[in-house]
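One chain, subunit A, appears in both complexes that follow, with subunit B as partner in the first and subunit C in the second.
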Partner chain A sequence: MNPLELTLGIMTAVGGFVDISELVFAAKAGSKFGYALIWVFAIATVGIMVFGEMSGRVAAVAKQPVFNLMRHRLGLKLGMLTLLASLIANLITCAAEVGGVAMILNYLTGAPFRLMAVAGALVLMASMWVLPFKWIERTYGLLGLFMIVFAVALVAIHPPWDQIAGGFVPQIPKGLSTKELLIFAYFAVAIVSAVMFPYEAYFYSSGGIEEEWGPKDLPMNTITCTIGFGLGSLLSIAILASSAQLFTPANVDPQLLGSSALEVAIPLGTTGLVIALLGMLFAISGAAVETCMANAYSLSQFFGWEWGRHRKPWEAPRFTIAWVSFFVVALLIILTGIDPMQLVEYAVLFSILVLPLTYLPLLLLAGDRSYMGEYANGRLGDTLGWLYFVLISLAAIGALPLYFLTSGGQA
Partner chain B sequence: MKPSGRLKLVSQLLDLPLIDRDGNYCGIVDDVELDGAPGKKTRLAALLVGPGAYSGRMPGWAMRLVRAIGGDRITRVPIGKVESIRSFVQLKDSARKLGLEKTEDKARAWIPRRGAL
Partner chain C sequence: MSRRLPLLLLLLAGCSKGPQADLQYIGEARSIAGEWALVNEQAADGKLTGPYIATMHKSLRQQIETAKAALTVPDSAYAHEMATLVATPDNAPPQELRHHADRLKQIEDSLESA
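Take a look at the complex of A and B:
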C-alpha cells in the first residue's frame, strides 16, 4: 500500500464527503433540535462506510461495477425500474448541487443567480471533459478540504463538548409535542438519506474500476471508507454543532445555504467566511460532478456501453453524451427558477425511496461466493449490511408520510 | 466457465456484460438463441445483443418505448466466439469484428476529438 496514495485517498474522501443536502440538513437539524440528531449522522455514516466498502470490494474482486451486476441479479424489468428511479434521484440531486454552486457564486461575486448557474455548469463540464478520472476525483476532493474551516470554527466558539459527545448517544429529546416528534423523525430520515445518497455507491465502485483496483487494493478500500468517510462526517457534525450553539439561542432558522457559512463568519470573520464559501463551492461542485457521472455510469453499465473517464471522451462516446446530457438537463431544471433548497428536499426524499433498491443487489453480490470467493462478506459484513438494509427500508417507508405530515419539516 | 459446459442460462449468463478481446465493454447478453430438437440435447447457439432482443422480456408498452428510443437492432454473437463466462462474458474477437460497435461508432461521430487530457 503506497502511503502517499492512501493519504490522498483519505483526504479525497474527507473533502468529497459533504454535499448541499448535508450542509442544509445539518444546519437546520442543529438549529431545531440542538445536538440531539448527531447520533443519526453517526449511524448513517457507519451505513455508508459499510456499503461503500462493499461496493469498492465488489469492484476490486469481481471487476464489475454495481450496475453491471445489478441487472444480472435483478433481471431486466426490476433492474430497469431501479435504473429509472436512481436516474431521477441523481438528476434531482445533480440539479440541486448545480443550484448550490450558483448560489455560492452569487454570494461571492454578486452576479445574477442564473448567469452563475450557466457559468458554474460550463466550468464543471469543461473540467469533466479535460481532466481524467483521477484528477477529477482528487481536484474536487482535495479542494473540498477547505471545509475543515467548519471544524476550526466550532473549536473557536468553545462549544459544550460534553453535550456534543452526548449527542452521539441515540435519543429523542424530551417534552416534544406530537408535531415536533414528527419533524424530528423527518429530519432523522432526511439525514440518513443525505449521508447515504445512492450516487455515492455508484460513483465509488465505478471509480474503483476506473482506477483498476484489484484484491491488493482492498486494505486501502477499507481504510478510505472508514477513516475518510468518518472524518468527512465529522465536518457535517461540526456544522450541526455550530448551528446548535449559535443559531438555536438566537432562534435563527437557517433556511438558506449561506446561513451555514455564517457559522464560520461569526468566530473567524471575513477571512473565515470566504474560506467557508470556497469550501462549500468545491464540495458542492464535486458532488455535482459525481451525481452527473454516477448517472452516466449507471446508464452505460446497464446497457453495456463503453464507459469511464480514464478513457478520452470520444473513446466512450455514449457515456460522454450521457453525462453531457444529464448536466445540461440539471442546468435547465435550475434555470426554470425552481428554488434549489426545494430541490434539496426532493432529492433527499426521492433518494431514500431508491436506497433499498440500490443497496439490496450490492448486499447480495458482496455476499455471493460465486462472484467474490474468499472476499465475500463475512459474518460482520453480512449482519451490518442486513441491519442497515432494514433501517433504510423503514426510512423509505416512513419518508413520504413524514414529508406530507410535516410539510417537508416546516410544520 | 467454458461456454461448452453445462450452465444455468438465467443465473449464469443472461444480462451479463460482454467484454471483447481488447477489454472493451460491448453490450449485454439480452437474450440467447438455442439449438435443438425434440429428443435431442439443447445447445446454446448464440448470444443476442441489442434492444430488439428485449421483446418477450418486457411488457408491450415498455418495449414500444425502448424501440422508439433505442431501435430494435439485434446483433447475433455465435457461441463459438465466446472465450469464457465469469462475472462477464469474455469474447474472442474485437467488438468491431463482431458487429457490436455500430451504435458506438454512430455516437462517436458527434464527439469532438480534442481538449481532453
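Take a look at the complex of A and C:
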C-alpha cells in the first residue's frame, strides 16, 4: 500500500463527502433540533461506509460494476425499473448540484444566476472531457478540503462540546408535539438519504474498475471508506452544530445555500466566508460531476456499452454522449427557473425510494462466495449490510407520507 | 380506520385554509427576517463581501415575497407584517428586522397554541 496514494485517497473521500443536500439538511437540522440529529448522521455514515466498502470490494474482486450485476441479479424487468428510477434520482440530484454551483458562483461574484449556471456547467463538462478519472476525482475531492473551514469555525465559536458529544447518542428530543415529531422523523429520513445517496456507490465502484483495482487494493478500499467517509461526515456535523449554536437563538431556519457560509463568516470574517464558499463550490461541483457520471456509468453498464474515462471520449461514444446529455438536461432543468433548494428536497425524496433497490443486489453479490470467493462478506459485513437494508427500506416506506404530512419539513 | 387515517391527514393538509394553513409561511417569514438581521449585522462589522450581501438580500426578499403571495388570509396582522418587511430597504438596521421577526414569532406562537 503506497502511503501517498492512501493519504490522497482518504483526503479525496473527505473533500468529496459533502454535497448540496448535506449542506442544506445539516444546517436546517441544527437550527430546528439542536444537536439531536447528530446520531442520524453518524448512523447513516456507517451505512455508506458499509455499502461503499462492499461496492469497492465487488469491483476489485468480481471486476463487475453495480449496474451490470443488477441486471443479472434482478432480471431484465426489475433491473430496468431500478435503472430508470436511479437515472431519474441522479438526474434530479445532478440538476440540484448544478443549481448549487450557480448559486455559489452568484454569491462569489454577484453575476446573474443563469449566466453562472451555464458558465459553471461548461467548466465542469470541460474538466470531465479533459481529465482522466483519477484526476477528476482528486481535483474536486482535494479542493473540497476547503470545507474544513466549517470545522475551524465551529471550534472558534466555542460550542458546548459535551452537548455535541451527547448528540451521537440515539435520541428523540423530549416534549415535541406530534407535528414536531413528524418533522423530526422527516429530517431523520432525509439525512439518511442525503448521506447514502445511491450515486455514491455507482461512482465509487465504477471508479474502482476504471483504476483497475484488484484484491491487493482491498485494504486501501476499507481504509478510504471508513476513515475518509468518517472524517467527511464530521464536516456535515460541524455545519449542523454551528447552525444549532448560531441560528437557533436567532430564530432562523436557514432556507438558503448561502446561510451555511454565514456560519463561517460570523466567527472568521471575510476570509472565512470566501474559503467556505470555495469549499462549497468544489464540493458541490464534485457531486455534480459524480452524479452525471454515475448516470452514464449505469446506463452503459446496463446495456453493455463501452464505458469509462480511461478511454478517450470518442473511444466510448455512447458513454460520452450519455454523460454530456445528462449534464445538458440537468442544466436545462435549472434554466427553467426551478429553485435548486426545492430540487434538493425532490432529490433526497426520490433517492431514498430507490435506495433499497440499489443496495440489495450489491448486498447479495458481496455475500455470494461463487462470485467473491474468500472475499465474500463475513458475518459482520452481512449483519451490518442486512441491518442497513432494513433501515433504508423503512426510511423508503416512510419518506413520502412524511414529506406530505410535514410539507417537506416546513409545517 | 387506521389505514384511512394517513389519507385523511394528507387530504386535510392539502385542503386547509386560514391562519393555521398560513403558519408555514409565517414561520418562513420570521426566519427570513432573523437571517436578514444577521446578514446586516455581519455586513456592518465588515465580515461579508459585497456580492454575498447583495445576493443574500435578493434571495431573502424573493423568499418573503413568495411566502406572502402564498398566504390564504391576505388581510391579517401577519400579512401586514410581511408586507412591511417586503417594503423594508435592504440595508435596514438589524434591530428593526429583529423587531419584525419577534412580531411574527409572537403571532406564530399564538396560532400554534390556539
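The rule is simple: the second predicted complex is superposed on the first by the 411 of 411 C-alpha atoms of A that agree within 3 Å, B and C clash if a C-alpha of one lies under 4 Å from a C-alpha of the other, contacts with A are read in each partner's own complex, and residues count from 1 in each chain.
In this text, a contact is a pair of C-beta atoms (placed from the backbone, for glycine too) under 8 Å apart; a residue touches a chain by one contact, two chains touch by 3 or more.
Note that this is a predicted model, so its numbers are computed, not measured.
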| item | value |
| --- | --- |
| Partner chain(s) touched by A:T320 [first = subunit B, second = subunit C, both, neither] | first |
| Which superposed partner A:M293 touches (first subunit B, second subunit C, both, neither) | neither |
| Subunit B versus subunit C as contact partner of A:A283, first or second or both or neither | neither |
| Which of subunit B and subunit C A:G304 touches, first, second, both or neither | first |
| First, second, both or neither for A:N68, with subunit B first and subunit C second | first |
| Touching partner for A:L83 - first (subunit B), second (subunit C), both, neither | neither |
| Residues of subunit C touching subunit A in the complex | 6, 9-10, 13-14, 23-24, 27-28, 30-32, 34-35, 37-39, 42, 46-52, 54-56, 59-60, 63, 101, 105 |
| Contacting residues of subunit A [partner subunit B, same complex] | 62-64, 68-69, 71-72, 75-77, 79-80, 129-132, 135, 300-307, 312-314, 317-318, 320-321, 371 |
| Interfacial residue positions of subunit B with respect to subunit A in the complex | 14-18, 24-28, 30, 49, 54, 57-59, 62, 87-88, 103-104, 107-108, 110-113, 115-117 |
| Subunit C-facing residues of subunit A, complex | 106-110, 246-247, 250-256, 258-259, 261-262, 265-266, 269-270, 273-274, 277, 401, 404-405, 407, 410-411 |
